[in-house]
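Two complexes are shown next, each including subunit A; its partner changes from subunit B in the first to subunit C in the second.
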Partner chain A sequence: MLPMTAVRMRGISKRYLPSGVHANDGAELVVERGSIHALVGENGAGKTTLMKILAGLELPDSGDIEVDDKPVRISSPARARALGIGMVHQHFLMFDELSAAENIFFGLEPERRPRILGLLGIVDSVKLTERAMTLAQEYGFAVEPSAPVGTLSISSRQQVEILRQLAGQVRILILDEPTSVLTEQETETLFEKLTDLRRMGRTILLVTHKIDEVMQIADRVTVMRRGKTIGTYDTASISANELACLIMGTTPHGESMLHAAPHAAGPSVLRIEGLSTRRRHQGGTGLSGLAFDVHGGEVLGICALSSNGLDELEDVLAGFLAPTAGTCLFCGHQFDARRFHEYRRLLKEGKIAYLPSDRVRRAVALSLPVMDNFIALDRRMYFARGWIRSALAKRATQEAIRGFDISARAEQTTAELSGGNIQKLAVARLFSKERPELFVLCEPTWGLDIRSAEQVHDRIQRARDAGSAVLLLSSDVDEILRLSDRIMVLYRGKQVALLENAGQVNRALIGEYLLGIRSA
Partner chain B sequence: MRAERELQSPARVVLAVGVSIALAAGVLALFSQDLGSALAQFFLEPFSNRYFLGNYLADAVPLMIAGLGVLIAFRSKNFNLGGEGQLYAGALAAGLIALRVPAGTAPVVVWIWVAVAGALTGAAIGALSGLLKAFWRVSEMISSFLISAIVINVSDFFITGPLQDPASNFQTTRQIVPQFLLPRILAPSKLDVSLGLAIVLILVFMVVAKRTRVGFELRICGENEEFARYCGIPVAAYQVAAMAVSGGLYGLAGALLVIGPQGRVMRGFSSGLGWSAISVALLAQGNEAGVVPAALFIAFLSTGSDHVMMGSGVPSEIISILQAVAMCFISAGALPRFRRRQS
Partner chain C sequence: MSDRAMIFVDILKYTVVAATPLLYASIGGLFSELAGMLNIALEGLMGIGAFFGMAAAGLSHNVFIGAVAAITSAVAASLLMGAVTIRFRANVFIVGLAINLLAGGVTTVLSQRWYHTKAVVAFSLPAPLPAFPAALAQIPFVGPILFSHSVLTVCAWLWAIGAAFIIRNSRHGIRIRATGMNAQAVSVLGYSPDRARVAAMIWSGVGSGLGGFALGLSISAFVPNIVSGRGWIALVAIYLGQKKPLWIAASCLLFAFAESLSNYVQGFSSIPPLLVLALPYAVTLVSLIAAGNKK
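After this line comes the complex of A and B, so read on.
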C-alpha cells in the first residue's frame, strides 16, 4: 500500500547565478496521491523552477525532497523518471519528423525487428504503432500514432507528450501551463483526460496562472509568490477572489498613485479599432477585436499576464507583426490592416517612439559600442549628409550616460553592460529625441532597481505632461496602477477591461481581470 | 571575460599564420632533396629581385580586391561563396569589351569601361543571391555557389566556343591588343597599376565603414538584424547591396586580370582565386586594413610554393596539399569570430 503523500518538498532554494535571482527561496510543497494539485503564482513566482527541480532538470541549492515518503535526490530527468515523475513542458520537446508512436516510445525499450535487423537497432514500426494505439485507447486519447508529430495540431501534440509520459510508467505527471497553447474546447478535452487519469490513481501537478482553471479542476492549490510558498488550500474552501488576492499579494509598495495630478487630456493621437492578429509564436495568443484610443497628455496602461496577447500587441505597435484586421487612426492619417506599411513609416519618421520589451534581442546590438547603440535610432541627427558627426554623437552619449546614471563608457562594448544598464541606455536613447506624438513603452522598468525605476517613471510622466500620448505595456500591475490614467487589461487576446484609474481601481481588481475571473 | 576573447582573436590569426608557415617548412623537409635551398626558395626567392617581387605583388592584387568584397559581405553576415563565377563573369565582360572596341579608342576610356562592366556584371550575379535571400529566404551560401557553378560553365562555353582564338592551342580568347592593357610597374614583372586601385578601394571602403551612415547601417544589419529593423534600417536592401558589392568587387578583380597580367580570357585562369579571397577576408578579421597583409600572406603561400616546385622539384600535388592544409589552419583559426557573431 502506497502512502498518501506522493511528493513532499521542503525548504527548496534555487538561485540562478548570472542574475543572482532567487527563483526559489525556501519553497514548500506537499502533494497528495491521486489528486490534481495546482501550483499558481504571478510570472516569476518560481512555479516552473520548483517543478523543474522535481523533474530533475534543475538541482536545488538546498532543500529536501521526499517521494512516497522516502527521501530522494533527483539528480537527472532519468532519475525522476525512475521515481515515476514526468513533466510535460510548455514548449513541447519532440521530434517533428518522427511519428507520434516513435515519439511516445522514444528512449523506452523499443519494439525491435527480429534477429539481425533488431540487433542493428531497427525498430518494428508496425508493432510500435500498435502499441501506441493500445496505449492511446487505454487512456481514451484520440491520437493517430503513425502521423509525423509535426503535422499534428497543438492539442494532439500535447496528448502525444502526455502519452509519452504515461508510456514511461509515470505516476506523478507535471504539466507546465498546459492550457496556454489550447483553445477553450481543447482545454475542456484536456481536463476530461486529466480527471480520468486522477481516477486511475495518477497524481497530477498543474502549473498555471489561470484561476478559473484551478477552481474548475484542481483538488488543492498551492500559491507561490517571489520564490516562496504562501500556502496550500482546498479549492472547495476558497473563493476565486480570495485566491486572486493571495496570488497578487497585498501591494508591497503601498497604494502609491503617483499619477494623481489631474491632467487635461488632449486630442486623440492614436485610435485603434477591431485589431486582430495571429499568434506570434507557439504558446502566444492572437489578439481579437481590440479597440482603444489614447490621447495626448495621457498614459494608457495595458496589462496582461504572459501569453495573453501583450507580446502580439507590442509587435503590432512596433511594426513587426502585421495585423489580420483592424483600422488605425494616427493624428489624422487613417489606414487599415492592409496598409500596415504606412504605420511602419510613421515609426521610421520618429513620430512614434518605441521601447522594446526584449532589450537584448531587439533594443541593442550587443557587439557594438555603447555610442553606436545610442545613436542608432536617430541617424538623421547624428549623420549630416551621410557623414557621422562624431563629436556630437560622443557628447550626446556621454550626456545620456550622466543623465541616467548608466555605468558605462561611450566606447565600451554594450555586451559588457549589465541588463539594467542596457535598459537605462535604451530608455535614455528614447527620451533624448525630440518629443514624439506617441510613446509605446514595453516593460520600461524591467530589471531596474527601485531608484532607476523611479527615474524612468518620472520621465514618462514628464513626457505625458509635455503633451505626448503614452501607451504603457507592462505585466507589472504596480507600475500600471502608478502611472496610468486609464487601464486596459488583456486576457486570452481579448480586452476584458478598460477603466479610468480612479479610487476604486486597485491591485485586487486588476488581478481579477488579469486572471480571467472577472470580465467587463 | 569578453575582453579576453577579443584579445584572443588576433592571437589566433598569428597562430594560424605561424602554424601554416611551419607546416610548409615541414613538408619541404620531407619532400625536397636539399632542405636549405628549398627553404630559401620558399621564403626568400619571391623577394629576391624586381621580377619575382613584382609577380608576387601582382598575385596579391586580385586577392586584395576580391577579399575586400568577401569582407563587406561578411560584415552584413552574408557568405558569398560564388566568387569564382562572379570573377569569370567579370572577366568575360571585360574580354568582350576589350576585344571589340575600335583600335583608335583612348586606352583610359577602355580601362574605365572594362572595370565598370566587370564590376557591374559581378554585382548583378551577387545581387541575384541577395534578392533570393531577401525575398525567398534562400540561403545566400547555397544560391551564390550554385549560380557560380552555372556561370562558370556558361563563360567556359563562350571562351571555348564563339570567342575561341582559332590560332591558339589553349582554350582561350584572342590576345587583347597591347595598348589596351594596363601600364606595368616593376617591369618586366606582370605587376600593373591595378595595385594602386586596390589600395585606393581599400581606403575608400575603410572610410565608408567608419565615417558614413551607409557603413554604420550595414554594420548594424550584420550585428543584429532585429535591432536593425527596430532602427528602421531597410535590412533587405542592405542584404542585396552587400551581396552586389561583394560580387562587384569579384567581377572587378576578374576584369583587371584580363586587361592586366592575363591579357586575354583563358579557361580556368582563376585557379581558385575566388576561394583564396575568402581566406583573405577571414584572416583580415572583419577589418579593411587587414586585407592588405592578409592578401600578401595568402599570395606568399602560393608564390613561395611555386618557387619551390620549380626550383626543388617538389611535385605540384604536394604543393597543392600544402596550400590546402595551410588554408584549413587559417580558416579554423579565423572562423570562430564569425561563428560567434552569427549565433
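After this line comes the complex of A and C, so read on.
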C-alpha cells in the first residue's frame, strides 16, 4: 500500500546567481496521492522554480524532499524520472522532425534483435507505432503517431509530451502553465484528460495563475508569493475572490503608496485604436482590438500577467512587431498598421523613449564598457563629427553613475554589473537624454531593490510632471497603482478594464481583472 | 563505339571514381552535421586519412591495412577535435580550422621525415580489387560506367546506404538527430547529448579517413594538398543534399561530374587549363547560391 502523501517539500530555498534573486525562500509543499494539486501565484512567485527542483532540473540551495515518504535527492531529470516524476514544460521539449511516436518513446524505442555487431539497435518502427497507438488509446488521446511533431497543432504537441511522460511510467505529472497555449476548447479537453489520469491514480501538479481553472479542476491549491508558501487550501472551502486576495497579498507600504495626482493632463500624445497582432511566439497571446490614448503629463499603467499580451504590446510599442490591424495618432500625425515604419521612425528620432523589459538582450551590449552603453543611443551629442568625444562622454557617464547611484565604473565591462545595476544604467541613459514626447517603460523596476525602485519611480513622476506622456507596462500591481493616473488591464490579449486610478481602485480589484474573474 | 561515345563513357566512368572520396566524406560529415556540429575539418581529416592510409598500405603492401590506418588516424584526429569542442567547450569552427592547418603541417613534416620529399610520394600497391566480374565490365556503355569499379568505390555506396539506414532507423541515429534538433530536450529526458556528439565525430572521422584514402589510392600516391578542396566540397554536398543521404549522394555525383569534365576538357580544349580546373568549384558556388535561394 502506497502512502497517501506523494510529495513533501520542506524549507526549499533557491537563489539565482548572479542576480541574487531568491526564487524560493523556504517554500513548502505537500501533495496528496491521486489528487490534482494547483500551484498558484503571481509572476516570479517561485512556482516554476519549485517545480523544476522537483523535476531535477534545478538543485535547491537547501531543503528536503520526500517522495512516497522516502527522503530523496533529485539531482537530475533522469533521477526524477526514476522516481516517477515528470514535467511537461511551458515551452515543449520536442524534436520537431521526429514522429510523435519517436518523441513519445525517445530512449525507450522497441528494438529488433539481434543488434548489428551487438551495438546498433534498429528500431522496430511497426512495434513503435503500435505502442504509441495503444498508449494513446489507453488514455484516450487522439494523436497521429507517425506524423512529425513539428506539423502538429500546439495542443497535440502537448498531448505528445504528456504521453511521453506516461510512457516513462510517470506517477507524478507536473504541468507548467499548460493552458497558456491552448484555446478554451482545447483547455476543456486537457482537463478531461487530467481528470481521467487522476481517476487512474496519477498525481497531477498544475502550475497556473488562472483562478477559474484552479476552481474548476484542482482538489487542493497551494499559494506562493515571493518565493514563500502562503498556504494550502481545499478548493471546496475557498472562494475565487479569497484566493485572488491570497495571491495578490496586501501592499506592504499601505497608505504611503498612494499615488500623486497629476497637475493637469496635456494634449493627447498617442492614441491607438483597434490594435491587433498575431502572437509573438508559441505560448504568447495575440492582441485583439486594443484602444487607448495617453496624454502629456499623464501615466497610463498597463498591467497583465504573463502570456496575456503584455509582451506583444511591448513589442508593438517598441517597433519590433508590426500589428495586423489598428490606427495610431501620434501628436496629430495619423497612420495605420500598414505604415508601421513611420511609427518606428518616431523611436529612432527620439520622440519616443523605450525602456525594454529584457534589459540584458535589448538594453545593453554586455561585452562593452559601461560608458559605451551609456552613450550608444545619442549619436548627435557624443559623435558630433563622426568621432567620439570621449572626455564629454566620460564626464556624462560618471555624472549618471553618481546621479543614479549605479555601482560601476565608466570603463568597466557591463557584463560585470549586477542585473539591478544594468537596469539602473538603462534607466539613467533614458532619463539623461532630451525629454521625449512619450516614454514607453516596460517593467522599469523589475529586480531592483526598494530604494532603487523608489528612485526610478521618482524619475518617472518627474518626467510626467515635466509634460511627457508615460506608458507604463508592468506586471507589478503595486507599481501600477502607485504611478498610474489611469490603469488598463489585459487578459488573454483583450483589454478588460480601463479605469481612473481613484479611491475605489485597489489591489484586489486589479487582481480580479488580471485573473479574469471580473471583466468590464 | 564512336570516339565521341567513348569519351562520354570515360567521363561518366571517372565521375563515379571521383565521387567516391566525396561520398565517404560527406556522409561521414552528415553525422556531425545532424548532431548539430558543422564539421569544417573534413578537409583536414581527409588529408590525414590519405597520408596515413597510403603510408600504411605502402609499408604493408596491403590495401586493407591501409584502410584501417586511414580510419584510425582520421578518427583519432576527429576525437581530438571532439574532445576540445565538446569536453572543453571550445568553438567548433576555430578548432576545425586548427585541424585543417594541423593536417597540412603534420603530413608535410612526416612526408619529409619518412620519404625525404615534400612532393609526390608514389607507392607501388597491388592492383585494386575489382568489385564485379570482368564480364560485366564488358557490357557496352553501362559496363565501364557501373561495373568497372573497385571494391572501395562500391563500398562508398554501401556506406551511404548503410548510413542512411542507421540515421533513419536506429536508436543511435535517432539520438544523434535529436541532439541536433534540441539538445536541451535530450538532456532533460535523461540522456547525454555529448555522447551523441562524440559518436557523430567518430562517424565523421571514419568517413573522411576513408575518403582521403580513396583519393590516395586513385593515384597510387600521396601529394601534399592531395585533397585540394574536396573536403569543403563534401561539406557543400551535405547542404546541397539538404542533409538527406540520397540527395547528398546525388550532389556528390554532380560535383564529381564537374571534376571529371574538367579533367577531360583540360587536355583537349583551348580554354586556359586553370579556368577549366576551376569548374568543380564554380559548380559548387552556383549550387550554393541555388540552394540559398531556395530557402
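Rule of thumb we're sticking to: the second predicted complex is superposed on the first by the 503 of 520 C-alpha atoms of A that agree within 3 Å, B and C clash if a C-alpha of one lies under 4 Å from a C-alpha of the other, contacts with A are read in each partner's own complex, and residues count from 1 in each chain.
Everything below uses one rule, namely that a residue touches a chain if its C-beta (ideal position, glycine included) is under 8 Å from a C-beta of that chain, and two chains touch if they have at least 3 such contacts.
Given the structure is predicted, the values throughout are model-derived calculations rather than measurements.
Peer 1: Does the subunit A-based superposition show subunit B and subunit C clashing or fitting?
Peer 2: They clash: once the shared chain is superposed, the two partners overlap in space.
Peer 1: For A:Arg482, is the partner it touches subunit B (first), subunit C (second), both, or none of the two (neither)?
Peer 2: Once the two structures are laid over each other on A, A:Arg482 reaches no partner at all.
Peer 1: Classify the contacts of A:His457 with the two partner chains as first (subunit B alone), second (subunit C alone), both, or neither.
Peer 2: A:His457 contacts neither subunit B nor subunit C.
Peer 1: Identify the partner contact of A:Leu93: answer first if only subunit B is touched, second if only subunit C is, both if each is, neither if none is.
Peer 2: Second partner only.
Peer 1: Quick check for you: in the superposed arrangement, does A:His209 touch first (subunit B), second (subunit C), both or neither?
Peer 2: neither
Peer 1: First (subunit B), second (subunit C), both or neither: which does A:Arg220 touch?
Peer 2: In the superposition, A:Arg220 touches no partner, neither subunit B nor subunit C.
Peer 1: Sort out for me which residues of subunit C touch subunit A in the complex.
Peer 2: 165-166, 169-172, 174-175, 177-178, 181-182, 184-185, 187-191
Peer 1: In their complex, what parts of subunit A are in touch with subunit B?
Peer 2: 318, 320, 344, 347-348, 354, 356, 361-368, 372, 376-377, 379, 383, 386-388, 413, 415-416
Peer 1: Which positions of subunit A touch subunit C when the two form their complex?
Peer 2: Those in contact with subunit C are residues 57, 76-78, 81, 89, 93-98, 102, 106-107, 109, 111, 116, 119-123, 125, 164.
Peer 1: Can you name the residues of subunit B that touch subunit A in the complex?
Peer 2: So the residues of subunit B touching subunit A come out as 2-3, 6, 211-214, 216-217, 219-220, 223-224, 226-232, 341.
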